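Next up, some structures in structure tokens.
Presented sequentially are two complexes of chain A, the first with chain B as partner and the second with chain C.
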Partner chain A sequence: MHSFGYRANALLTFAVTILAFMCTLASFSDNFNSPTPTAQVKVLNINWFQKQPNGNDEVSMTLNISADLQTLFTWNTKQVFVFVAAEYETPKNSLNQISLWDGIIPSKEHAKFWIHTSNKYRFIDQGSNLRGKEFNLTMHWHVMPKTGKMFADKIVMPGYRLPEEYR
Partner chain B sequence: MDWQGQKVAEQLMQIMLLGFAAIAFATGYIMGSFQMMIYIYAGGVVLTTLVTVPNWPFFNRHPLKWLDPSEVEKHPKPQQSVNANSKKKPTKK
Partner chain C sequence: MGWIGETVESIKSLRIRQVLTQGVSLGLIVTSALIIWKALMCFTGSESPVVVVLSGSMEPGFKRGDILFLHMSKDPIRAGEIVVFNVDGREIPIVHRVIKVHERKDTGEVDVLTKGDNNYGDDRVLYAHGQKWLQRHHIMGRAIGFLPYVGWVTIIMTEKPIFKYILIGALGLLVITSKD
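Showing the complex of A and B:
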């Protein structure tokens, strides 16, 4: 501590160490938040449903997605990535996940939303298994904190069924 | 900066930084604003730097009192040359 440089160095080192500790505490404080998000997805219409020339089924649908993810946000939340996936089982794969829509929620004010949209990404099966197929629509989200590790969760909404015939 | 000043500067630096960190974290958590925590802490670091890093007169209140040069003649260093010579002579023989 005898010279300007030594004092500046000691101060900076200690200040950064404390900053790291504060960030750790901020990340730890997220554990006290118990989120209660809600989500509903309605399939308003099957726009078309066909077999591609290569044999894969493809379906286009209109969705109404509404969700309230406000409780996911804490003071340490940077943003939330959310996507809606169709999940179903086929003889070949025990779990197929197809992302139909996604979005980035930048703040708590935008976390309660509803959107009326056709599927943003194409709903194509690996094969021809979609006729009359029961599927789940699952809302997944990944919370990106300002400091600390990301965490993810989902809401599974079962009980959707595709038509028996192409249209 | 004298010895006493160095001790005070180091203690002041640690106490001020920890204090600002506690205030910043509490304020940020209560207001729900991470940004506020960072701003308060950054302000605290700048203030602490200004207080403890420059060599303020405050840190020089206890200057070392060196002995007057005339004291050297009054208290001569113990002469070791006699001992050294007597020890080295046997090895040379």
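Showing the complex of A and C:
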């Protein structure tokens, strides 16, 4: 009953149980945080806009992104992955989501930022539907916890429009 | 003479009982592990509800040895989600983030492009030759939860099988020799 093996086993089981309990609690405590992030994206310039030889439209643009995501951070937050995606509908596709820029925010101190950038990933349509196309720019964020459940949410910014002609 | 025979009998029956009890408790351990695994499969709807991160392509979010909990629901796949997918001709599933989604209007089929957070370019170089997009059937699930470090146990056991045998041997010995 009181051999070394039994005591070691009991201690290990107890330690693992407590650890699991604390991880659950840490993850659960994230529910009490109600974040109020803000974001603004401006399309400063359409750098070029053309049809590829294979028939797909491609556009390059310069964006100004500013956001304040500080309220997303809690004690259980390891990092926040943030990205801006262009979202639009075409006759063929009910939804097109194209990530234009993304970034990793490692800590609360870096969560209020602005950046001036051209699109990091190529903005290519499946087909030739981009002339005069209205699209949304959506800022998504995915909160990666130190342990437990991941959270995600977004801010949709509607009312952007691509030019009518290639340039 | 009678009582000797009786004693032998009682020892024998005790032995058999003990062996049986140990057999049953061993069976209970194995089956309960199986039950937990299958129940997780049911709840998450994913073939493998738990995966271990093997590469550093999603750092600093997921490191090698972290454990991910997967969920496979009917919800459509959207940009930003972390999915686990299989590529034809590759045995090991990959955990990466979706950066582009094109969803058909008529069929609801999706074309998905993924990228590892820590990789420079997108995943087209990892896909099968000539493959440009992932479809629904490539995707095994999406990551919903995260537990650090625990996966190291499996990494060590697959890469250094000797530890696996030592562990199994020790556990087996413990079960067989333990007296309740």
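Here is the rule we go by: the second predicted complex is superposed on the first by the 166 of 167 C-alpha atoms of A that agree within 3 Å, B and C clash if a C-alpha of one lies under 4 Å from a C-alpha of the other, contacts with A are read in each partner's own complex, and residues count from 1 in each chain.
Assume a contact is a pair of C-beta atoms (placed from the backbone, for glycine too) under 8 Å apart; a residue touches a chain by one contact, two chains touch by 3 or more.
Keep in mind that what you see is a predicted model, and the values were worked out from it rather than measured.
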Combined model on chain A where chain B meets chain C, clash or fit: fit
First (chain B), second (chain C), both or neither touched by A:Lys146: both
Partner chain(s) touched by A:Tyr121 [first = chain B, second = chain C, both, neither]: second
Which superposed partner A:Ser107 touches (first chain B, second chain C, both, neither): neither
Contacts of A:Ala85 with chain B and chain C, given as first, second, both or neither: second
Partner with the higher number of touched chain A residues, chain C or chain B: C
For chain A as apex, the angle formed with chain B and chain C - C-alpha centres, to the nearest 10 degrees: 40
Partner chain(s) touched by A:Asn45 [first = chain B, second = chain C, both, neither]: neither
Touching partner for A:Ser29 - first (chain B), second (chain C), both, neither: first
First (chain B), second (chain C), both or neither touched by A:Asn93: second
Which of chain B and chain C A:Ala15 touches, first, second, both or neither: first
Minimum Cα separation, chain C to chain B, after superposition on A (Å): 7
On chain A, positions contacted by chain B and by chain C: 146
Touching residues on chain A, where the partner in the complex is chain B: 1-2, 4, 7-8, 10-11, 14-15, 18-19, 21-22, 25-26, 29, 74-76, 146
Chain A contact footprint on chain C (complex, rising order): 60-62, 76, 78-82, 97, 99-105, 108, 111, 117, 122, 143-148, 174
Residues of chain A that touch chain C when the two form their complex: 5, 23, 27, 78-79, 81, 83, 85, 91-99, 102, 104, 106, 121, 126, 140, 142, 144-150, 152
Of all residues in chain B, those that touch chain A in their complex: 1, 6-7, 9-10, 13-14, 17-18, 21, 24-25, 28-29, 31-34, 37, 41, 45, 48-49, 52-55
